[in-house]
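Below you'll find the structure I mean.
Chain lettering (A, B, C, D and E) follows the sequence in which the chains are written, and residue indices restart at 1 in each chain.
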Amino acid sequence: MLSAILTKTFYTFISLMVILNYALLLIGSMARIRAKVQGRVGQPVWQPYIDIIKNYGKRTAVTHGVMFYLGPVFRLAGGLGTYLFMPVVYGFVMFENFSFSGDLLLVMYFIFFGQLGMALGAGESGHPYSPLGVSRGLAQMTAFELPFALAVISIVAQYGTLSITEIVAAQQGGWQNWVAFTNPFAMIAGMLAFLGMSMQNPFSVVIAPQEIPIGPPTEMHSAFLGMLQTNRAIFNGAKMVLFMNLFWGGATHKYLLVAILIMVVKTFLIYLYVNIVGASFPRFKTEQSIRFFLGVPTIIGIIAVILQSI
Amino acid sequence: MMTNLLFILAGALVLVGLWGILTRRNIFKIIIGFSLVDTGVHVFLVAIGYVKNGTAPIFDKEYSSLHSLLNTVDPIPSALVLTAIVIGLAVTALMLSFAVRLILKNRTLLVDGKKELKW
Amino acid sequence: MIIVVIIILSLIALVSAIMAIISTDMVSSIIFGGVVSLVASVIYLVYGSPDVAMTEAAIGSGLTTVVFLFAWFRVKHLGGKE
Amino acid sequence: MIKRFFTIILMVFFASLFFPLVGLISDRDSVSSLAKDYLVQGRDDFGAANIVTAVVVSYRGLDTLGEVTVLFAAAAGISLVFKGLRNEGKDKKYRVNPPSEILRTGARVLLPLIFIFGVYIFINGHLTPGGGFQGGVVIASGILLAFFAGNIKELNHGFVTFIESAAGFSYVAVGLLGIWLAGGFLDPRFLPMGEFGSLFSAGAIPVIYSLIGLKVGSEMSGIIDAIRSY
Amino acid sequence: MVNPVFLIAITLGFAFIFPLFEKINPKLSRLAGILVFLTLVVIPLIWFINISNMDIPYIYSSTVGLPSNLTINLAVSYMEALVLLVVNGVGLFVYLQEAYSKESPWKGKQIILLSIVMLGANGLIITRDIFNIFVFMEISTISLFGLLSCSSDDRVFEGGFKYMLASGLSSVFYLIGIGFFYLVAGTLNLDALPDGINFTGGVLGVLWPLFLLSGVLIELKPAFANGWGMDTYEAADYSLGAIMSGIQATALIIVLTKIIPLIESNIIMPLLLVVGSITFIISHLQALGQSSFKKMLGYSSSAQIGLVLIVLGSGTNILLAIVLLLTHSVAKSGLFYTGKYFNECGSGRDKPLLVVLSSLFVIALLGLPPFPGFGAKWTLLQILGGKSDVFTIFIILLGSLLEGVYLFRWLGLKIKSDRDSGLVVSEVVPDDDAIPGYSSSDTIGVASQTGLAGLGGCIKVHFSSDSFSYHQLFPALMAVIMVVSGVVFNKGVGLTFRFLIPFSGILFFVVLDLFRVPTKFQVFLAIVASIILGFYVYPELNGFNTLFGFIFLFGIGVQFIAFFNRKGYSPGLMALTVGLLVSLISILTSKTNFQLFFSWEMMTLTSYFLVLRGDNAFAGGYRYILFSLASAFFILAGFSMLHGIFIGEYMSLPQNLLPVILIIIGIIIKFAGIGVHIWLPVSYAEAENDVSSIFSTVLSKVGVYMLFLGGLYFSKRVFKGVDTMYLLGWIGVLTSVAGSMMALFQEDIKYTLAYSSMGQVGYMILGFSIMSHLGWISSLYLVTTHMMFIGMLFLSVSGVIYRTGTRLMYQTGGLIKRMPLSFISALFAIIALSGVPPLSGFGAKWLMYSALLEKGWYLQAAMAMFASGVAFLYLFRLIHSIFLGQEKAIYLNVKEAPAPLLIPQYIFMICVMAISMFPNLLIKPLQTVIEPYFASTVRWEGYEVISALGYWNGNAVMYVTMGVFIIPLIWLLIVNRHVYKVKQFNIVYAAERPFKPETTHYAYNFFGHYQKALGFLVEPLISKFWNGTGILVNNLSGGLRRWNSGNPQGYVFQILLYVIFLSFLMGGTN
């Protein structure tokens, strides 16, 4: 019994390491690509590593109370939780994490866990900008939650199961039976919702750099900020993996390394899509983004659901 | 034939009385109308008791009980009317006294002069 | 024969009833009321119920008219014309 | 104007309610069955000559009791209504000319006659037409005449209420006697029937009628005294 | 046996002799009066006892010892003895009140007239002769006029004059009726009618019933011809009001019961039905708009007479009509007197006995338990339901609801303190410049229109000796007699003795209140009582009852601890709360429909008075009772047509579905479905803090219990092509979305929580309506867990309100430093409530969504997710505005919430943690309960619950989350070892430090942008709609009131018109 637990923790540790490093590199390289597109030299690809090491290195002597202390911890736990209950690479024991003990609903609701943590920590900090950012973030979250939920529901209606592994299994066998192609409306609604999740430009009012300096994490610094950045990596990674599994047939292959490579390519493309949209759109006000999400994406989502249910 | 005449009279008295109550605005005229209706009803009741050329139901020694059956008037309606007339007086007297107090309070004889109690 | 008497009496009663209602002077309309009940008591006599006749005469024409007059004199000073 | 119009419609409708039956009912040639029983048994049960009195006092005694209570209540009600008004009406003091000569002397002659006549009526209630009510009212009109003629200035209330209560109470007592001694409530047969047609015949009917006479007389005068304004 | 004539002889003898007697010795004469009135009560009592056991039909005596057909007969049957007993009882009550009243005791003539009124009433009831009825009618009306003349208000002569005209006319018609009757029948004696005579043939046949009936009906003040009566009610003294409605009306109805058998039934029955229904509805409407108390009661008694006419016309058992009539007569005269004392003293502030008495009388009038009217109305509706006479049922219930509207409005305003504005607190965000107080916007429209709004007594009522005068003893005696007779009658209808024992608990606590026992001690006794009740009831419970029994008992029992927080002495609180608990438990243990409905109504009443205890709770209580009454009447209509038994195991499926639909509508109103929800937020928020926490934890579940109770009924659900359960599902979802959306924009904490509990109940209903194993499990799981975490949240919030004194979120802030324990329990509560994974809330969400998806209700699932997202928003707003953010200077020295409030919170927290760790602790028993209804589709493997769609291992999820949470925490602790807390405003803030840091607390209009985007969804359309109906009803009643123009000739015109109306009803003359 004990060895099973040990191997399990070792496997989880490995998969965490993989996703952490991959995500950090991805963020670094994406920032560099964006810079090149805008004609700048841009920061080195491993810049996120530097930030994290710098932040963890710094010692701080200031805290605003217990909740402020627990804020980042909650946030990181949310990110890790979302990641751990999802199979990263289909078919390999090493990468299936704890997906057997919780299904799609659990993962969706774990996103809330992260949001709650950040909100509480920010609220406690006493900085006026952070609750402002939190209220915007939460409002936007409920908005994009609807199309995402509709997309998820139409997939569940299509395959009749909530567990992610089965959904990925059902999409094997060539690109033509990926959800993107068998249930295109769900994919569109899902990807539009993913824009809202990614805090990229059209919907970046939550951490609007000039308006309310980086919103909720304003007061965070040193180790707290470091923890938030690690979470930013893992959480984005987890979300990309989730969307890959749900819509793009997940990453699977005979050999582990090739499967990981497929996962890298697919998630890279998803992240690229988000950044391109981010780079080319101005920032929405909160009510505009709410109205946007409850408009077209929701209608597409409803169509997707109706298509599946007849 | 005799009772029909009385029915007509009774009906007419009642109608005149009601007409008086409804149209006259002087409180006393209304009460007079009311006593007319009362008299009309009493005439009606007596008319009901009349038997063709009947006499009063009062006997003296000579009348044997059987012979008397033929032509006496029905005693019951007259008994009723006796009570009804006295009750009529009691009601009219009480109504008059209420009317006097009402007129002295409202300082007008007209019935719809000053309405304090409505809807 | 008796019918003719009845018809005459009924007519008198009706006319005085109508007069009682439409006459402007209050005392005369009270008197007319008295006349109606007087005629009624005569009619009762003719229709064979003397008890009722006596009561009607005494109460109808006697007391009612008096009570009316007494009440009228209490409020006469307020007597706005009809 | 519309009010007048509606009243006419109302009158027409009531007329249509009454008059169809006028032609319908012809004279009745015989008395109803109940009346037959009263006419036949009236003489034997109560020995009263005047059947109407028999019906009023004994057969339907409760009605008459009710009737007396109505008058009693009306008298009490009227005195209550005018209690508050005692002064206002009176101080008007119309220019009341003193009773004329004829009235005064006439009254002096007539008063005893009226009172005797009244008493006669309610004592012979069971023999001749008339009875308690009629006698009482005659007495009351006698008192009325006394007011007009100025013989009586003020009706002394103590005496009137005494007669009223005493007569009423003894009337109820007679009724109760009826239960214990004779058949039922207000049954006059506990006194001897006496010889048909004579003064002291028909059991307690004359007693009841005289009590009623006294009561009605005092009540009527009470009412007149309350209402009269000068 | 006593001869009936003595009733008449005694009163008459007393009346005649009294003037002399009073001259001799006034005190003694008054005592003699009591003696006489007492004998009037004793004689019928002897008859009643003898008749009921010797069951001889009649005590029969003919006056004047001759054979009965010749004379006037008096007869007393079982029914008449009962009526005599009550009528003379009321007479004695009025005599004692008036002869010994402080200010203006009645003297000679008035006492005579009162005894003559009693004589008239007794005569009317016992005589069997038509003309005699006329005489006694005249006696009672004329003596009433005498009494009228000495009223204090001098408008009485105007009213009296109209009354006389009307009663004169009615006696004229009656006399004409007697004439025609005598022509046809030949005799006047009701018992000796010659049979075989064609009674109703030809013209004559119609005339005599027309005139006889119109004579009696006009005297009974029917709908369109009762202006004269109402003016008299307004001007006359209270005692006369009691006489008119208590004594006279009752006697006249008995006269009517004598006349009805004479007339052919296919003419009289429809006539009575039509006249009764019109009077019942129209008079209630006219009473609605009244501002004068006496006139309101006048209209109400004419309406009650209408109800009795309906019962007589519907041909059901006459005893029902009599019971309704007698309850009305006693309750109405009692109400006249309590109203008199109330109006004299302005408000019920320190008049506890008056408050209790007038509430009892109002409840009795409305036919609510425990009074006889309830049992009578129930049996009546059962019989009507048997004949499926839907129209009459609808009329009766509509009328009772209208009566509830104005009676409870009066009662509420009288009890509530004058501080209470009587209007509804603003529900939408107050505009920016509004001072942090309340801006009143709307009410059900009725209270403010009638100018009564300012009036009202305060519920903070305390028994003080000076407020108690022996005058209130007599109505108290009446109320006690009524309660006892009610219990006895209802026991006859269907309550077993064992069923009534728990209700004696209420009396126990009332007695404690009388002895001014401090609340703390009472609470202790209440907890002991609830434990005993638990053991007493536990063996009987099975299936759903055990679960809901646990919820009710555990929920209220734990929250009793919160009552320890009350200082000093608050009377009535424990009596009502224990009453609520007992009625909830008896709902569970009731075996028959009647018992179920009895306890349902008791629950409604006790909870109404609990709501009314709040400071500004008139509007809330008023809406609460109106909607609860409406829901109860729907259910009553449903039960009456159900024929089968509604309780679980003896289920018999109904033939048609209409009754089930009615019951569902009633239940929807009870759990505040989307269209009928406006009462819930106002009443939950305005009740006192600990009371409103009981309401939202326990009381909101009763509607859900009723659904489960009738579970099998609702499975057969296609009604006219509409799948009722699908519809109910949509109502559930819409309620949850609406509840969450509205909670989002509230500034007042309690309103947010009230809307939130409304939303959560929407989920439970959605779960039920899925009608599958998983659906029911999710609903029941949520029912249990919701009770726990809304309890935690409510109590922690009431702790905050208790300490800071304000209910507005944006006025507080940063309380985490002052009240950490409340913060922790609030944090756990919002995590659980919003469904975030580790805690039990997620379990409920998981079950719900898998049930929805398994069923295929995809859109509902999406809406539910959106609603739970919005729920997460307002919960965060709640905890942020209160506990996080900037601290306010005035709340710097706020202490932690008192212990009694914290203990229940942490008890609930333990349960929540237990269920989160081991979900099967709760799900397994639920499965066994639901097994008989739906096959189980959920498998168990160790701690993992697997459904057709997905799987969830609560235990593993908890461990992983703990692991993922603790490792980073340890890492952070290691890195930032020596850290010290910083003062309030030491933050990286570009601008210079604002003078007062708390101004930067971002809490007011927290989701402003959200409101800009989705505000249109929350427009108070529904409350506008209900206000519209309120105003419409008010204008309707205003219009109807105009009909009685006050002009005597107008009234005469009305009466004559009414006679014509009756003649048409009789089928026209020729």
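The definition used in the following text is that a contact is a pair of C-beta atoms (placed from the backbone, for glycine too) under 8 Å apart; a residue touches a chain by one contact, two chains touch by 3 or more.
All of these numbers come straight from a predicted model, not from anything done at the bench.
Asker: Could you tell me which chains are in contact with chain A and with chain E alike?
Answerer: Touches both chain A and chain E: nothing.
Asker: Name, by label, each chain that touches both members of the pair chain A and chain B.
Answerer: Per touch definition, common to chain A and chain B: E.
Asker: What is the touch distance from chain C to chain E, in steps?
Answerer: The fewest touching-chain steps linking chain C to chain E number 2.
Asker: Can you check which chain pair, D-E or C-D, has more C-beta pairs in contact?
Answerer: Between C-D and D-E, contacts are more numerous in D-E.
Asker: Determine the centre-to-centre distance between chain B and chain D, using the mean Cα coordinates as centres, and give it in whole Å.
Answerer: 15
Asker: From the C-alpha centre of chain A to that of chain D, how far is it in Å?
Answerer: 108
Asker: So the centre of each chain is just the mean of its C-alpha atoms; given that, what is the distance between chain B and chain E in Å?
Answerer: 51
Asker: For chain B and chain C, let me know how many angstrom lie between their CA-based centres, rounded off.
Answerer: 11
Asker: Which chain C residues sit where two or more other chains touch them?
Answerer: 49-51, 55, 59, 63, 67, 71, 74
Asker: Mind pulling the residue numbers of chain D that touch at least two other chains?
Answerer: Residues 7, 10, 14, 21, 25, 32, 34, 38, 50, 52, 56, 59-60, 63, 66-67, 70, 73-74, 77, 81, 89, 129, 131, 133, 223, 227.
Asker: Going through chain A residue by residue, note those that touch at least 2 other chains and give them in order.
Answerer: none
Asker: Applying that definition of touch, give me each pair of chains that meets it.
Answerer: A-E, B-C, B-D, B-E, C-D, D-E
Asker: Using the touch definition from the top, list the residues of chain C that touch chain D in their complex.
Answerer: For chain C paired with chain D, touching residues are 49-51, 53-55, 58-59, 62-63, 66-67, 70-71, 73-74, 77.
Asker: Help me check something: in the complex, which residues belonging to chain B touch chain E?
Answerer: 14, 18, 21-22, 25, 27, 30, 34, 37-38, 41, 44-45, 48, 76-77, 80, 83-84, 87, 90-91, 94-95, 97-99, 101-102, 105-106, 111-112, 115-119
Asker: Touching residues of chain D toward chain B in the complex: what are they?
Answerer: So the residues of chain D in touch with chain B come to 4, 7, 10-11, 14-15, 18-19, 21-23, 25-32, 34-36, 38-40, 42-44, 49-52, 54-56, 59-60, 63-64, 66-67, 70-71, 73-74, 77-78, 81-82, 84-85, 88-89, 128-129, 131, 133, 196-197, 216, 223, 226-227.
Asker: For chain B, which residues are in contact with chain C within the complex?
Answerer: 1-2, 5-6, 8-9, 12-13, 16-17, 19-20, 23-26, 28-29, 31-33, 35-36, 39, 42-43, 46-47, 49-51, 54-56, 58, 72-73, 77-78, 81-82, 85-86, 88-89, 92-93, 96-97, 99-100, 103-104, 107-110
Asker: Given the complex with chain B, which residues does chain E contribute to the contact?
Answerer: Against chain B, chain E makes touches at 131, 135, 138, 142, 145-146, 149, 154-155, 157-161, 164-165, 168-169, 171-172, 175-176, 178-179, 182-183, 188, 231, 234-235, 1041-1049, 1052-1053, 1056.
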